[in-house]
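What follows is a group of structures, each given as structure tokens.
Each of the next two complexes has chain A plus one more chain, namely chain B in the first and chain C in the second.
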Partner chain A sequence: MTMSDVNSTVQAHAGIVVEDLQVVTAQGAAPIVRGISFAVTPGSILGLVGESGSGKTTAGLALLAHARPGLKIAAGRVSIGGVSMLNLSARELRTMRGREITYVPQDPATALHPGLRLRTQLAECLRNPADATDERLHRLLEDVGLPDPARILSAFPHELSGGQQQRIAIAMAFAPQPQAILMDEPTTALDVTTQTRVLHLVRAMAQQHRTAIVYVSHDLAVVAALADQVAVMYAGEIVEAGTAAQVLERRLHPYTGALLRAVPDPDQALVLKGLSGHAPDPAHRPPGCAFAARCDLAEDACRLAPPADLVAEPGHVVRCRRMGQTAISRPQAMAQPILSQPQAAPLLTLSGLGAWHGRQVLHDIAIDIAGGRCTAVVGESGSGKTTLARCIAGLHAHWTGDIRLNGAPLRPSAGQRSREQLRRIQYVFQNPYASLNPRQTIGQSLLVAGRHLRGSKAISRSEILAALASVGLPHRAADAFPGQLSGGQRQRAAIARGLICQPDLLVCDEITSALDVSIQATIVELLLRLQQQRGLSMLFVAHNIGLVRSIAQDIIVLQAGRIVESGPTQVVLSAPKAKETARLMQDAPRFAAGLQVAPARHIAPMVV
Partner chain B sequence: MTILHVFFRRQGWLGTIALLLVVLVLAVVILGPFLAPQSPTDSVDDVFALPAPGEWLGSDVLGRDVLSRVLSGGWRFLTMAAIATILGVGVGSLLGVTAALRGGVLDEMIMRLADVALAFPQLILALLFMSFAGSSLSLVVLVIAVVHMPQVARTLRAAALKVVDEDYVRYSRSIGLPQWRILLLDILPNVRTTLLVESGLRLTFSIALIASLNYLSFGAQPPSADWGLMIHENQIGIESNPWPVIAPVVLIALLSIGINILSDRLSRGAKPRLAASEPDDAA
Partner chain C sequence: MTGSGLAAMLLRRLLLGLLTLLLVSLVVFAATQLLPGDVATAILGRTATPARIAALRAALHLNHAPLAQYGLWILGLLHGDLGNSLVTGKPILSDIAGRLYNSSLLVIITAVISLPIAVIAGLAAAVRHDRATDIALSTVALALSALPEFVIGIALIIVSSLAAPHVLPMVSLVQPGHSPLQTPRVLVLPLLTLTLVVFPYVFRMMRGSMIDVLESDYIEMARLKGVSPHRLLIVHALPSALPPTIQAIALTLAYLAGGIVVVEYVFGYAGIGEGIVSAVGTRDLPEIQDFTLILAAVYVCLNIIADVCTVLLTPKLRTRRA
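For the complex of A and B:
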């Protein structure tokens, strides 16, 4: 195919069409993505939703005719603006990529070249880089709402914030006025306020430039706020697809229902239900429905033969035999949580706390953390919430003021505190992929921590197994290395490492933000159970207001290093007094209280 | 055969060839003294006689049997290289990792000292030491070890700096684990890939340095049989009988190549498993 052919067919079939796409492992030929089809018309957005391992990113990258090393696109058709991507030569592909279809990756910090000024990088993205006049580049930046374009153009990526970097990445994606854009979780690394702005921006740009967008995400709330159409992926298949309203309101596939029960709501405390088990390994998928093993509604027929696509209503397709019989189970509002009475004396008292990271990042923090309760610390990124948690755990020594544990003052750094004090405060980190030593088995990690803090004879093998069992890990996890566990399992192991020290206070620093929603829900269930069974106190640092509402009894709202509001969570969030609290509430993505999706436009019929 | 087969599967043909090279040269070094047909130090023929039956590599500058000298001249040479490497990499990596872990003044002191040492070319530095401290064999080993230390320290510090910032080290600090235990449990196991590559690299450097020093008449002294010394003694006769020079050169080269490929291969195989072959994610 020559370029003139490419140009002549571009107008004919605008948007994205994917038919029967199959991506397999290069060696074993195990299908990672199995026969998926969808279409996105110009100006509309498809949300491709699924948990990690569902094949959503693999399916997304196939739009660029790209498969990551070890995989290959085995069959199917991908058409971008009428050009069939899968049988182009390498040279023709290069002319398509970056012009007709562009890509916004998850982490803008690693996507931008750290050594080139943004002017150079932005100019490269235009169809004809020679056209890169300052005026043109300024307009691109204004489109994505970046002020002071002249300064930004001559800046290097590291001089911008994460949100600004992501806007640059979006500007770069729209710069050549492509037919289609693939966005792979571009807002996952951003705080809610920035996320909301970026989502609005994507929405507006898609319509203004008539671009077809595939938005890959595990975050259902984000997809609900953004997408016209939603396709839910499970084990490499699309199990439910339709307009956002159809899928998210009717949730006819049991998997969609299960996912949605795991999503917290900023407006009310929900009982979050995780999804037990895990998706089948691509090499060992069952002959029948892949979800049957985890499905409450599964019957024998489900396990024998793969389900066919059923049309629930025009444009709404569900791959489930029992679609008609599935009762939509709505998330349950939490009954008044059973609270342990606050003890007479608070467990942890902070007063006049100031902390420095070069400049002062915390100002005059004074809080009491009651025993047996979960206290949430929320705020946008940079508000100092992690620093606060680290001061308490002795990981950040540059602070002044007073932190007392049961009335006894704590020294600034962990090295200066007594073992007894260290034992009573345990820290769980945000990223479970970095918080466990990759060269130690889980059992060894627990043993080192437990023996150090509780005496060298204190910890037996059976106690380690009991600690693992209490966080829902099987015995064999004790002999597994972190690399052999999934993210959710690693975070459980990190919690078990804290528990084996028998702490009074568990400091949880954004511990679910690196995990899928259904895994997040299981971790929340776990923490609530531990709190009730053991009377464990928790300091729960988070940016997700909905999550906080479902777990914490008390809340502290931080802004620019100062507490702007604090009190019982339900009271504070139901009637926010501080402007910052109201803003965080307003920006939190939500859909349970009514979809934010504008009436569906440009809906293409689904290819079934 | 099965061990070799497994090795081949994991390391490919390049790794297997490297392994065979190293084993071959080691066999010559270790078994050589017992296999030598003649005394390595007695004159048995004319000077620089060409190879002939019974003297398969001819004779050298003093009419000694080259084959016997090659077979006998490796073990001391290699032992010295090994000890120098273990000492240099051991102390150097400890310095580098400690600098990374402790930071601050100690880090500055170690690294600035290393910078000063690095400003001299390795060989010049070795010669400098030896010129005022004599040239006994143990001193050669010590000098080579010291020469390695700054570079090893710098490499290991860089590797350890990445690890020091990981959350699992932060956790160990948050429970007040002593520095030496953090170093032993968290840091060293996680820089072992770098350590492995560095050890292989340093072993080849040691070999080259000892050969160079021998060539410059430091270390091994005549009439002892020694590969580096042999190259030096016999270069004047290279046109009459090249074998007394070529044989040790080839053996040193093969060993260096083998060790380098092997350490590179092994370091790739030593990465911790990342693939999630996951047990049940029990809820």
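For the complex of A and C:
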């Protein structure tokens, strides 16, 4: 490319332009990402949405001409501010990366260098590191709302909280005033309040610096609140793209519709519908539409030939041959929030509960938890939700006060409780990737739990298979190791491990936060069914208000280790009395109202 | 980070090290008590009269209760008196000093030669992961680590005597009271052997930890920030890859200090290792005890040094969450 070419294209293609991008596995040449095209103008934000494995991060990293080990960019064009990224020399690429296009990683805890002070790491991000005066660096940190910049600059990453690390990562991305930024799920690790602050910040800085941003996320509510344009990815392709309003309101592709039926709403209890099955393996994609196998609306022709892009209206493109011929069903409000009557005597009674993690983290918790119902515990991170759950299960022993199960007091730690008490309270952990023994089959894990807690009585294989079936896992899962299962399947197995003990109370600690939204919906469906069929009581710890609304009958709102409000979920959330509840409701991302920073502007036509 | 925090850690480790040495001394003493055979008989031969044996036993405090013998030994050590050799009757200190010097010379020169080579080779292999450089280096390292040191030593002797006879001595004899540096030729083959023995461990650890670091999120982040390759390697990757390697180096040096037994024996080199072998052969209990304790002290010191280096290179270990 000659200089005159560069100059002539800069004006025409400011921001980000991607054309027909293809990323394949380095060995088998199986396409991970294929035929991706989009454009983002300066100052606007494109939300790239999809589930785990949809190729959204792979497509995003290609903006920096980067492919993760084992992958390579096979074809296509990526232009940042008119410079074509894919045929630069290594040296030229370095001058683009970190200057014209920057990157905000998904998990700053691992992406910030653990051994370098933040001053060093931030200074490296400036166009000219020699400009790294204290004043300049302090302003960068102040821009992202970080107090006490002097202390932060001389700190190492592990000395900051997750939210602070995330802001550092964002400050680093904006530091060189780049033309484009790729953000890879930068708010996944944050609680809603911090998340809202960070989203406002991204929006404001994009407009202030006229930066084109691609925001990769599986969280549709976040994207709805932030993005001007949305592109929905499935099996490595963009299946629907347009303005945020077009895609999220009209939702013409069946997959978009299915995803949106899985998204909970903080303002009403929705019937969440999961998406059964899973996306095809990149090496064995069907000849026709990749989504056909999971699509309610598919017909034979869908399976034969790949669908072409259809233009629904200017700027709104849908890759579905049946577009417009069928109605995509919308989420339904729960007809009548399931309200089993509380039993006369509460299942669990907490009084005067205080707990310590070095300092006191729970204060004077007093609450009755009704049998047969699902009680949610919500609050921002650090409010003591998980500690409360762990005290009840005996996993955190450093507490005082009184916890009674059907009137009988429980000892602080699980080791001091009777087997019968242990059996009656089962715990499902947040991270299904870490909570199952990787060296035991799922069947063995269930067997150990059941045998241990139900006494010497042998657990028959048919009972194990029944427990697996009750969580929707096939019989062969009994002989599978956790590594052979997907995240959603593992979490089902962890639930089955609790169920085989025939518990009275299932404590669920953020059990869907590591999962995709459609998988989350299937887990919610499962828990609601178990509750109805077995009268199972649940303590459901979560930070997602919408999710809680769709599953829990009762709610406890924690703030700084104290209960600030409790009662029936629909009542509490519809008319919050405590300030904290109102704030959590206000910060919860939702479709209806976008971020009120500025109206969506600078919408570029899609390059198709 | 507080300097006093590091000092406190150092002090704690030193005290623990002393405790370790005390325990080692107990174990060593107990073990020598269990050695079969009577020392006096061993020294004087079977034809000695009972009267002479009894006299020697008395001179050697062998009639004292074991605990008293242990006490005498430790008390002596604390006064810098390592006791006398049972065989020569001379103070062990003078014998050990020469051997310690010879062995240290061997270990230090080996370390100076082989550690930089192994670290740089490990870096090179990690950067060219799965390419020709890496495969060649890794294959050599794997082959070397599969060979015991005496095989390498003997193989080198054979090769050098066949290929270039009379250039290098096959036996590395050092005159008592002389430094091996006066006849550097005697050092060549033992050094080469030890270098080949040490190389694979350090190389493999460096390569492995560097590959892990290069695949980490923060190195990907640095690449995407446009950090220059040179800075990426030296400022970002190397400090994170070093701590495991430092531990490997410490273990290797400790191994060298003790493991040169075989190499010294193969070459007849008058160091600590050869000293231990001959002391065991002659049932020279005080010498065995002193030698073993010295080796243990070297182990303890090397580990403390390695841990301090690791802490210095790992901010998470030396700063508390604010």
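In this section, the second predicted complex is superposed on the first by the 584 of 608 C-alpha atoms of A that agree within 3 Å, B and C clash if a C-alpha of one lies under 4 Å from a C-alpha of the other, contacts with A are read in each partner's own complex, and residues count from 1 in each chain.
Rule of thumb we're sticking to: a contact is a pair of C-beta atoms (placed from the backbone, for glycine too) under 8 Å apart; a residue touches a chain by one contact, two chains touch by 3 or more.
What you see is a predicted model, and the numbers here were worked out from it, not measured in a lab.
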Query raised in the report: For the three-chain model obtained by superposing on chain A, do chain B and chain C clash or fit?
Result: clash
Query raised in the report: Touching A:L485, do we find chain B (first), chain C (second), both, or neither?
Result: first
Query raised in the report: Is A:T95 contacted by the first partner chain B, the second partner chain C, both or neither?
Result: second
Report task. Considering only the touch criterion stated at the top, classify A:T256 as touching first (chain B), second (chain C), both, or neither. Result -> neither
Query raised in the report: Looking at the overlay, what does A:A111 touch: chain B (first), chain C (second), both, or neither?
Result: second
Query raised in the report: Touch check for A:Q520: first (chain B), second (chain C), both, or neither?
Result: neither
**Report entry** When both partners are placed on the shared chain, which of chain B and chain C touches more of chain A
**Finding:** B
Query raised in the report: Touch check for A:T512: first (chain B), second (chain C), both, or neither?
Result: neither
Query raised in the report: Now for A:E159: first (chain B), second (chain C), both, or neither, which partner does it touch?
Result: second
Report task. Considering only touches as defined above, state whether A:T196 meets chain B (first), chain C (second), both or neither. Result -> neither
Requested in this report: Determine, under the contact definition given at the top, whether A:Q531 touches first (chain B), second (chain C), both, or neither.
Outcome: neither
Report task. Among 39-47, 111-119, 147-155 or 183-191, indicate the stretch of chain C whose C-alpha atoms run into chain B. Result -> 147-155
Query raised in the report: Taking the contacts chain A makes with chain B in one complex and with chain C in the other, which residues are shared?
Result: none
Query - Touching residues (chain side chain B, partner chain A) in the complex - result: 166-168, 170-177, 181, 185-186, 189-190, 192, 272-283
Query raised in the report: If you look only at chain C, which of its residues touch chain A in the complex?
Result: 215-218, 220-229, 235-236, 239-240, 313-316, 319-322
Query - Touching residues (chain side chain A, partner chain B) in the complex - result: 274-278, 393-395, 414-415, 417, 419, 422-423, 426-427, 429-431, 434-440, 445, 448-449, 452-453, 472-474, 476-477, 480-481, 483-486, 488-489, 497, 501, 519, 522, 525
Query raised in the report: What does chain A use to touch chain C in their complex?
Result: 61, 64, 66, 68-69, 90, 93-99, 102-103, 105, 107, 110-117, 124-125, 151, 155-156, 158-160, 172
